[in-house]
Amino acid sequence: MTEIPNVDEQRRAEWLALYERMLLIRRSEERVGKAAQAGEMPGGVHLYIGQEASGVGACSVLEDTDFITSTHRGHGHFLAKGGDVKAMFAELWGKRTGICKGMGGSMHVADVSKGILGANGIVGGGIAIANGAGMGIKVGKEKAVSVCLFGDGAANQGVLMECLNMSMVWKFPVIWVLENNGLSEFTITDKVTAGEQTDRARAVGMPAVTVDGNDVIAVQEAMKEAVDRARAGEGPSFIECKTYRIRGHLEAEDAFLGGYSYRTQEEIDAWKTPDKDPILRFASRLLAEGGASQADLDEIEDRVSKQVEEAVEFALASEDADPELIFDITFADQRP
Amino acid sequence: MTEIPNVDEQRRAEWLALYERMLLIRRSEERVGKAAQAGEMPGGVHLYIGQEASGVGACSVLEDTDFITSTHRGHGHFLAKGGDVKAMFAELWGKRTGICKGMGGSMHVADVSKGILGANGIVGGGIAIANGAGMGIKVGKEKAVSVCLFGDGAANQGVLMECLNMSMVWKFPVIWVLENNGLSEFTITDKVTAGEQTDRARAVGMPAVTVDGNDVIAVQEAMKEAVDRARAGEGPSFIECKTYRIRGHLEAEDAFLGGYSYRTQEEIDAWKTPDKDPILRFASRLLAEGGASQADLDEIEDRVSKQVEEAVEFALASEDADPELIFDITFADQRP
Amino acid sequence: MAKMRYIQAINQVFLDEMERDKNIMLFGEDVELAIFGDTREVYKTFGPERVYNTPICENSLTGMAVGAAAAGRRVILHLMFGNFVYTGMDAIAHQMAKLRMMTGGQMDLPITVIAGYGGGRSLAGQHSDTPFPVLMNIGGVNVVTPATPADAKGLLTTAIRGNNPTFFLEASGRGGDSGEVPDGEYLVPFGKATVHKEGSDVTICAIGTMVRPALRAAKTLEAEGISAEVVDPRTLVPLDEDGIAASVSKTGRLVLVDECKDRCSAASHIAAVMADKCFGDLKAPIKRVTVPNVSMPYAGVAEMAIFPTPEKIVAAVKSVTGELAGASA
Amino acid sequence: MAKMRYIQAINQVFLDEMERDKNIMLFGEDVELAIFGDTREVYKTFGPERVYNTPICENSLTGMAVGAAAAGRRVILHLMFGNFVYTGMDAIAHQMAKLRMMTGGQMDLPITVIAGYGGGRSLAGQHSDTPFPVLMNIGGVNVVTPATPADAKGLLTTAIRGNNPTFFLEASGRGGDSGEVPDGEYLVPFGKATVHKEGSDVTICAIGTMVRPALRAAKTLEAEGISAEVVDPRTLVPLDEDGIAASVSKTGRLVLVDECKDRCSAASHIAAVMADKCFGDLKAPIKRVTVPNVSMPYAGVAEMAIFPTPEKIVAAVKSVTGELAGASA
């Protein structure tokens, strides 16, 4: 665990904000999972539960002008980077008030005004986009950074090597954040991966660290260093966050598995304990060292629950997506 | 330079054979270059001059049942692996007696009966094919190995990382032979490459060595070790051969460059000296330590020159490719 | 004959063929636990020596299929979603489709690539494509689109035993459809269209997933006095031009139904061929019911708005049989 | 007006536009020394801050174009050969073509991808493809195929200033063709076909590289009393369906000339559209002169045997204007 100095008021507020953001993700995902399990939500739904610390830690040091690219498991990243929960819920329910007007859904939630270049249904799809954003920032001589959030499964896509190389050659302001939850769909990633993924970054001379991805502060600190380096024009960094996916690959997993399994219930339960679960852990720490009281946490719980329920109501009350829109938005100023 | 034991008669014969193979490539390529420069040869022609030691060294330890994949610069690999010079020349001149019946040309010379899975016009195109051949060998429980010859430019294609990983995970009998000539078309590869390419192999835990690619014996020895390991089921290896391309990227280079250049004449000349040129070097060594006489070398020179001229005559005397064939060979037992 | 689900028919072929021919290998992402259900038990039965559950790297997987075939194996590659055809496109277009030709016919490439295609399930833009056109256009690979469990069995068996690269495109959303499937060895030849329903006023040529809505439309039309013949090419490469032409020449009218985006769709191509070969017999414009040139939206209402439906097929047919409908009304 | 080579016209647009708009960046393999000649002086003038000479990794390059555009740049990506569209296909089909739609229209993607296409120069299978169909089918990207230096200038300028991803496909073998090019700012709008030669008996619709052989064929036909109109769509997406239809309705006959492989070609698609829209005006079958469904062979004789030539175009025209040719003979 990272060493903490005397916690001042500002720090306390910051930590509570981190906690609130993680909790918002957790409660949102639980609610989305419920809807998906009940068959209320169309399409494939991949939840971020258990991984909140890595997305929140990573995005906590970013500005709206910074970019992130995300994955098929993107709700948590969207909320972590400041995406609106109502607009996200409306999107998941396929409504015209959705952040993508109901056209993208779970695998494509994006808010470009907040630098969220989108969840992405193509595993590894965000890698080149993030690298290109880094290139674009550099060409535009801007101070922004581009953060690529990707999974351990995605790390086996060759675009990673291509982009690690280019980001290093030209010192693009890119931070490569590997969320290593050990799983790619129903495959144990280690079984199909040779060596340590951080070594792939080191092979191109890139600074690479592995952090406890369930410790939001550890992630935040590694990110701070990387972002500082990137903003100073010193190039990219690689951060591996070790974490775990508590829910199934997708909410319909049981149907897909047809009775088979790729992990034990004990393994899952071990990641839900107060020492492991990123939210429970951070709650204890907030109480012990962060100057927060149980009442603070309860208040947050209340606020978050309300926010989530309002988001559901908003989504349900919204009008369905507008099919005509498809023809307006495929191109700028041009019919398809 | 590698230490040599007392050279016995068998060794002498082997060395002379290596020399002859390198010289056959050199003289063939010079002849092809002449034809290309004279506008007699259609298409793009990429010569292997200066790199003979790496292809010949690598293929010298292989059997016909072993596979190689090659590149757009594939004539040397074809001849090194035992491809027939007449059939190659006929191919380059687009004749029906060509090894690919005139359908493939310079960038596609292949002789499957000799395990030559083909030159390849797609940079990096041989990487996955070689890996797949390694997989196929393993599934078939055969003793063969699969050797991927690829350039430093190709090494930036992400399929490399993907296949290094898989070959390591499953211990495919694959040998990755990087022919690092420092150039990719008109680009200095170092300018677009971060880190050492061998480290990309080491990142997946693969044994990797760098050898003097202009020393045929050094290449051969590294290959022997790698092939032994592969045949013993111990998995893949990575060998970087440092070498240099003496000719232009393609024979029509000057027209493409339109007066610009990416290297100096001095740089080129430095690689043509008796210490650097793989053939001149090996000739001296053969005389000094290999038990060969100048008469031996002269005899080889004569034989090779005759072989090349016969190949040209064969090609020129052959009938043009048969256009109807296209429709017979696109599919097995099916019209396109 | 046994009643079987589409996906079961496929699964059974994998098990039977891999049992029959020890030289067959299978690989792909998550094939071990069989995310699509079609490779269920394959790993347990034949792996890990003949079955590889791979990392995520489609670019290499398609090229490796070529290499494994060149090394003498008979290869099955599961690409999961049809969209990943684009991800693995390089080696498909440049190696799999061309290597036989470029080497003067030196190598056979007995490769079956299987992938699920199509929309209609709110999987949004990146998981709903119907990638026939690119596969049809590159040349050098067969493209197979079974509509029924029986055809799935028969065409997959033919694909696996054949010596050419074949894309076997399974209807993702139709895995649960069931139908009668012949017992024992059953092969359906490539390049032979089938007539699902005979008719005399119009030919509805429907591909893969579109056979079902086409048959529904035909039923509705029948009730209104329009006799539609429903033809299913079953394989797009090779394409049974004569078989389709025979129907078009008989009915004099053609409506194509294809889940591809319209531009350069399979529907467009068949329309072009018929506008050449059957011109003299045509009594009306050739109509296409396809997906417009946009990517598939997420929301169900939006998706359905652009998806070919029985209603749209009926409307297209009526636009060319106006007078007939009037006559029988 | 100045006489200029095709490749020079393109080169000049890059220099002019990058000068005019500092937000434009350009990248690609070997763009520094300009292997195709079209990026000559661009690196020297604007690089290395706005021009990146990249490693070989098309899969990333296409995705990076999207990222750079999302970050606010106006992007030019040189993909070198049209074949490498397949290599970079994943991000083209999944990101470039879809991201605007999938995000509900949140982002513009002002991206111009340039690549040389076509055969006829013995570059064999992997360097001779004409990848229009896949780009046309995926939806969400424009496809531009200028036949003349003037159109090259006008369409490239429109592409670069536009806000949508556009594939500007240059005729590799035609780089040396010269023609009059308007001075100063010159934009050709997308979606407007042009008539290179008027005629009344048959419409020859020729794409890109095929305009030249089509004009030769028209000349030969003229001498034999057959009046051919040569129409060039100039952009395949958007496609000027009305412009082409106007010509077809006038002449009543249509021959398409396209360097694509036949199946699902641009020719097929235009044929399909005309078999629907112009059916009533058609007097004869619609013919396609395309490349058969095989990869381009190396040997010149073999290549020419399958390549569309003026002779083949003349023959196709005569097959639909038989009686006219007789009449005028």
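Observations on the structure shown:
Order of writing sets the labels: A, B, C and D. Residues in every chain begin at 1.
To be clear about the criterion, a residue touches a chain if its C-beta (ideal position, glycine included) is under 8 Å from a C-beta of that chain, and two chains touch if they have at least 3 such contacts.
Please read all numbers here as calculations on a predicted model, not as lab measurements.
More C-beta pairs in contact connect the chains of B-C than those of the other pair, out of B-C and B-D.
Chain centres were defined as the mean of their Cα atoms; on that basis the chain farthest from chain A turns out to be B. Centre-to-centre, using mean CA coordinates, chain B is 41 Å away from chain C.
Centre to centre, using the average C-alpha position, chain A and chain C are separated by 36 Å.
The distance from the centre of chain C to the centre of chain D, each centre being the mean of the chain's C-alpha atoms, comes to 29 Å.
Residues of chain D found to touch two or more other chains are 54-55, 57, 59-60, 83, 87, 90, 94, 101-102, 124-126, 139-140, 292-295, 297-298. Counting partner chains per residue, chain B has residues 100, 102-104, 108, 120-122, 125, 156-159, 162, 165-166, 169, 191-193, 325-326, 330, 336 touching two or more of them. If you check the complex, the residues on chain B that touch chain D are 42-44, 91, 94-95, 100, 102-108, 120-125, 153-154, 156-158, 184-187, 189, 191-193, 256-258, 260, 262, 320-323, 325-327, 330, 336. Chain contact summary for the complex, chain B toward chain A: residues 156-162, 164-166, 168-169, 191-196, 199-200, 202-206. Residues of chain D touching chain B in their complex: 29-30, 32-35, 37, 40, 53-57, 59-60, 83, 87, 121-127, 292-295, 297-302, 304-306. The touching residues of chain D, when paired with chain C in their complex, are 58-59, 83, 86-87, 89-90, 92-94, 97-98, 101-102, 124-126, 129, 132-134, 136-140, 237, 239, 260-261, 263-269, 271-277, 279-280, 282, 284-288, 292-295, 297-298. Contact residues of chain B toward chain C in the complex are 67, 69, 98-104, 108, 110-113, 117-118, 120-122, 125, 127-137, 139-140, 142, 144, 146, 158-159, 162-163, 165-166, 169-170, 325-326, 328-336.
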